[in-house]
Amino acid sequence: MDKNTQTEIFFGPNHPGVPGNYGINYEFEGDTVTSARANAGHLHRGFEKLMEERIWIKNTALVPRICVEEPDINEMVYAMGFEAIGEIEVPRRADYIRSIILELARIQGHIFSIGGNAAGIGQYTVMHWGTLTRDYLLDIFEEITGARVYHIYIRPGGVRQDIEDETLDKILDLMDELENERFPDLQKALFENPNAQKRWQGKAVITKEEAIEMGATGPVLRANGVPHDLRKMMPYAAYDDVEFEVPTGENGDAWDRIKIARDDMLQSIKIIRQLINKIPDGPVQADLGNGLKYKIPKGDAYVKIESKRGEYGYYMVSDGSLKPYRVHVRGASTPLGLYGVREFLPGTRIADVPVWAKSLGICPPEFDR
Amino acid sequence: MRNEKDLLQLMNAHFEPLKLEIKRKQNVSVEFKKEELIQALSFLKSHSYRHLSTISCVDWPEEGEFELVYHLFSYDDLINISLKTRIKRDPGIFQTAKEIWPVAEFYERDIHDFFGVKFKGNDNLEELILENWQEIPPMRKDFDTRKFVNDKYEWRDYNGQKHTD
Amino acid sequence: MANDKKSIFSPVTAFKNLVKKPETVRYPAESNDAAKRYRGFHINDLEECIGCSTCQEVCVNDAISMVEMLDVPAEEGQRNERPQIDYGRCCWCGLCVDVCTTGSLEMSRDYSYIDLDPDTFIVTPAENDINQVEHPLGYLRDQSSDLLDLKRIEMEMLEPEERIDSFIEIVEGFSKEQAEKEASRCVECEICTETCPANMNIPQYIRGIFDDDLEESLQQIYEDNPLPEVCGRVCTHKCEGVCALSHRGEAISIRWLKRYAVDNVDSAEYKQVLGTEKIEQNNKKVAVVGAGPAGLSAAHYLSVMGYQITVYESKEKAGGMMRYGIPEYRLPYDALDKDIDYIESLGVNFVFNTRVGEDIELKELHENYDAVFAATGLHNGRSTRVPGTENNNVYQAVNLLADIARGKEVPVTKRLVVIGGGNVAMDIARSMARIQKDKYGEVDITVTSLETEDIMPADQEEIDEAREEGIVFKPGRGPKEIEINEDGSLAHLCTNCCVSVFDEDMNFNPTYDNSDIENYECDMVIEAIGQGGDNSYIDDQFEIEYAGPRIKINDYSQTSVNWLFAGGDIARGPDVINAIKTGHDAAVGIDKYLNDSLK
Amino acid sequence: MNNNFVKGSWQEILDWAQNKSINMLHYCTGCGAIELPPTMTSRYDMSRFGIGPAATPRQADLLLVTGYLSTKTLRRLIYTYEQMQAPKFVVGFGSCTINGGMYWDSYNTIKQLDKYLPVEMYIAGCMPRPEAILDGLLKLKKMIADGEADGYQRYQDNLEYYHQNQEAVLGEVQRTQ
């Protein structure tokens, strides 16, 4: 293509290279992006409005659907917001179970996105493996919660049902399998593959300053050597009871971010093992009375937790009635998906656009809502 | 490293906040007069509160006000601070924060989509999420989504089997 | 794994899968069963389901609607409706299973349903799910996921030692926190409304308590019941018997909640809250005979409609059986007076110590008033008529209770036997126990009844409390004779064993076993086996139809004589709430009658 | 020889061929799309049945509407559908496509897919499991082989009905046909 040819391209929403139903409008000069504009809103369902229409308990079924990649994170933030406004104490066992669920969800999300990233650079074997591995985690979820993807398991006041000991053993077995068999394969097939390294190294760089300035967190920030993690900075659930490291990178590029995803999974395995070893006995749900009449006092709370892609926050306002007055969702990839596209994509070559979009973990439903 | 109390003192020393509150551990909320808010944002940004989580808007039709809430976080103090201010619902105009955080432009556009609030200094307020929206902004309390849906769409009646009350 | 060396041969590792067992699930040849807790399609036990519609209430997506089922009976405590699920809405969250009051709704592990026609995605789940084949059970509710609050708030009551020597009220009533917590348990299914004889708006007034809006509660209560202080204490609470929560847990304390709501609104505010500060009068006059619950109820609703009411009462105060039958420890007089005073404040005119039929004739009332409502009740105690009952030491419970209420001194002896198994027997036994305790320092009362304890008509809680107070029960005994000493004092009550109370057609026809005789020593016997009324004031002058022992009335409490309406025990028994209902019906009926829309 | 007979047989051969190779358009309209990767990849491997993803509408036979459709997506979906070459099939995934599902009172999603596009069949679920998706696709294959999957013809026959409904929620819609 002639270097000086100006092209305008609608990239997505119907395109395998975009993460989900999301579009980016580009202008190219040759094959280099000169300007980019996010075309979001294809997944807008008006969640925040719908939540205002429903009583507290009904919203537990609604929130996981805000982000299909990380439904459990949404359930957790919602429950935490409710508990923060209502000043509700959660039984310790429930805290542990929540952490186990969140870490399983983290592994599930990371392995899926590593698969997706690999597909973005044509490594389809890894995509198959990633999706397959995720499916074994979904089997565990199905056993604990009764559903594969939308679990509706973490509830205000605790969790819906107790985990059986058998299931905990199964989780430990799966963790061993992941660590000893599946991850080494992945390491060989993807991370030691010079082709993959070349495609990711030095691509889609976001520096520490840029990340902090736009409010990007998680792997994007950590890839610059900053070990910021809300699990450590503002511990919730049972994270204050476990030891783990926050993996970081050095260069702030796609390669570092994908390595962080990998190392994060290993840390999650470590966390899950500690949690299962230490899990206390006891109830898993605080007594909140009749589910149809959950009522918490007037008040508001901004709650946030560390999703696999960074800070996931809810601003919740209660007016003391049976329904939330306002819930505002701050998805982890909101700044990247809307602002980051415009600021950082220009200069990228067209073939690297999927690398850019996928390695940043952009999940459109969470900012479309 | 400041704790929650230090932070509130700092706020009190430099501004005239209407209400200061330690919500819970590592969470603080401060309400400002609308004239002071933007100043407070840039002040806090220069005092390590560099992370803007998001901007929330809450509609309070009975008071005739919108409440804007800016959630900041400091990686040094590890405190989350929510800065609140109230603006008149009509005409619903506020100052932009995009000079302080460029990303705020998109949060403001989001609020403009859903509440119809305009931000002076942010000229690019075209539709971000919605497309061809003709009604009053949907997140306003006076927009009744069920009525809208009833008017615009039809429910399946399953050959008359479905009974709805 | 931190060592990310580069090797172009590294990805070759994938080839090892060539010799591994494939991980593909060869569906559909090889099926992969869903997990034990899987939330699949719904199944519903139609027999167990009561159609309470709580699942519809909790459904996030309005996917559940209640449909009428013709083959399911609509009877007390259940509707003939069952949930229908729209799989074009359902999100398989399972909240309906978590909230199901009976536990009839469950989920199978079935997940696959495909059809070309979208109109088939709706089903009324029964034994089998939408695919009509049997599948193993999936998601089940457990204690943590249960959304209902099954435990009642304990009502605080005086301990037996504290209460036995006085007539102060036993039940202490809810505090604000307790009442709100108890009110929050309600699922607002309205099964209770359908069962309540007066069809009170129970969920609505409970909701008022939950929302801390007692004025709303009071308005809802007065829609159907002008004697809530009374009913909040002594109602037979059929509503609690059918409460949807009672299937898996404890029913809501509906009675105590009503009491809480009315106890906590100052009587000075009643008129303002109920909007009766100014009532437009219509210059029509209605006479009410008898100031019992039925009469008061009719008087209330008629005066709210603007009629001028005069109530004729043979006794010295209003209240009827509520005052002269129910002991003070169950229904304190100031609570009763609060209700009656409000009715009086609406402009109802009471004429006491005037017995219709003696002091004034019904004919006169007919001439002077536009309509008459008769609710004179059953005030004459029945006797067992066994030998010895004519003795002076044998009393009728109703008479004694009335005397206690009047503050008169009543005769009491050291050893006492009460014959009867109903609530009146409990009332007199417990009242006499208090007087005995006061006078002799100890309780020695035996209650005998034909019925064994499981079929005794008295409320179980009354029996339990009586027992706590030291009363001895001898159920299943028939009175045979009261043996009398030569000096005229009583020796003992001789009883035989009652084998059965009812015959095959459920008619009262007791059979006895005379080989099993027990004697209970006593020096006083009180009979509490039922009461009769005296309707001669009507019968002497007018011919009206009867239905069995009671006066025949229609839905508007109208008798066969069109200007005469009747209610309370003479027309329909047996309790306060039924009396209130007949009074309310009569008020509506009289209004219609006087406006020519009822013949 | 009877002309119709030749025509009929030829159609049967076409149908048979069609059912052996279905190209599914890779368009994640809603959350049900998250169950497609497991269906496509090793765990359930739908290429066993000759079904595989296609990148562009012009090469695709099968359009999966994976759940809810916001009005904004509906517009793109109509463009997409109209770009696809006949024979083309639409499958509705989950509650949202049937009667609004989870988003029944959302101001921004459509409630009944069949008012806007001709749907061959629906798979129950929110979202359907991969097994259910396979069941659905197998059924679709059978329908195609039997010549029963005629949605694209219905669309042509009732073009006005569909266009009217589309325009009722979207306003003006650009037409590529």
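Structure notes:
Going by the order they are written in, the chains are A, B, C and D; count residues from 1 in each one.
The rule is simple: a residue touches a chain if its C-beta (ideal position, glycine included) is under 8 Å from a C-beta of that chain, and two chains touch if they have at least 3 such contacts.
All of these numbers come straight from a predicted model, not from anything done at the bench.
Most remote from chain D, judged by the distance between CA-atom centroids, is C.
Interface comparison, A-C versus C-D: the higher count of C-beta contacts falls to A-C. In whole angstrom, the spacing between the mean C-alpha positions of chain A and chain C is 54. The centroid of the Cα atoms in chain C and the matching centroid in chain D are 57 Å apart. The distance from the centre of chain B to the centre of chain D, each centre being the mean of the chain's C-alpha atoms, comes to 40 Å. Measuring from the averaged C-alpha position of chain A to that of chain D gives a distance of 30 Å. In chain C, the residues touching two or more other chains are 23, 34, 60, 62, 86, 88, 91-92, 118, 121.
Among the residues of chain D, those in touch with two or more other chains are 42-43, 72, 98-100, 102, 104-108, 112, 126, 129. Within chain A, contacts with two or more other chains are made by residues 41, 44, 46, 49-50, 53, 61-62, 132, 150, 368.
If the chains shown are joined wherever they touch, the resulting network links each chain directly to all the rest. Here chain C touches chain A in the complex through residues 1-2, 4-8, 10-11, 13-14, 23, 34-39, 54, 57-58, 60, 91-95, 98-99, 138-139, 142, 144-145, 147-149, 181, 184-188, 210, going by the rule given at the top.
Residue ranges of chain B in contact with chain D, taken from their complex: 130-132, 135, 138, 143, 145-146, 148-149, 152-156. Residues of chain C touching chain D in their complex: 22-28, 31-32, 34, 41, 60-63, 86-92, 111-116, 118, 121, 130.
Residues 42-45, 48, 92, 95, 98-102, 104-105, 112, 114, 119-126, 128-132, 134-136, 138-139, 143 of chain D are the ones that touch chain C when the two sit in their complex.
Of all residues in chain A, those touching chain B in their complex are 40-41, 44, 46, 48-50, 53, 84, 212-215, 217, 226, 228, 233-234, 300-302, 304, 311, 313, 315, 317, 325-326, 328, 330, 334-335, 338-339, 343, 367-369.
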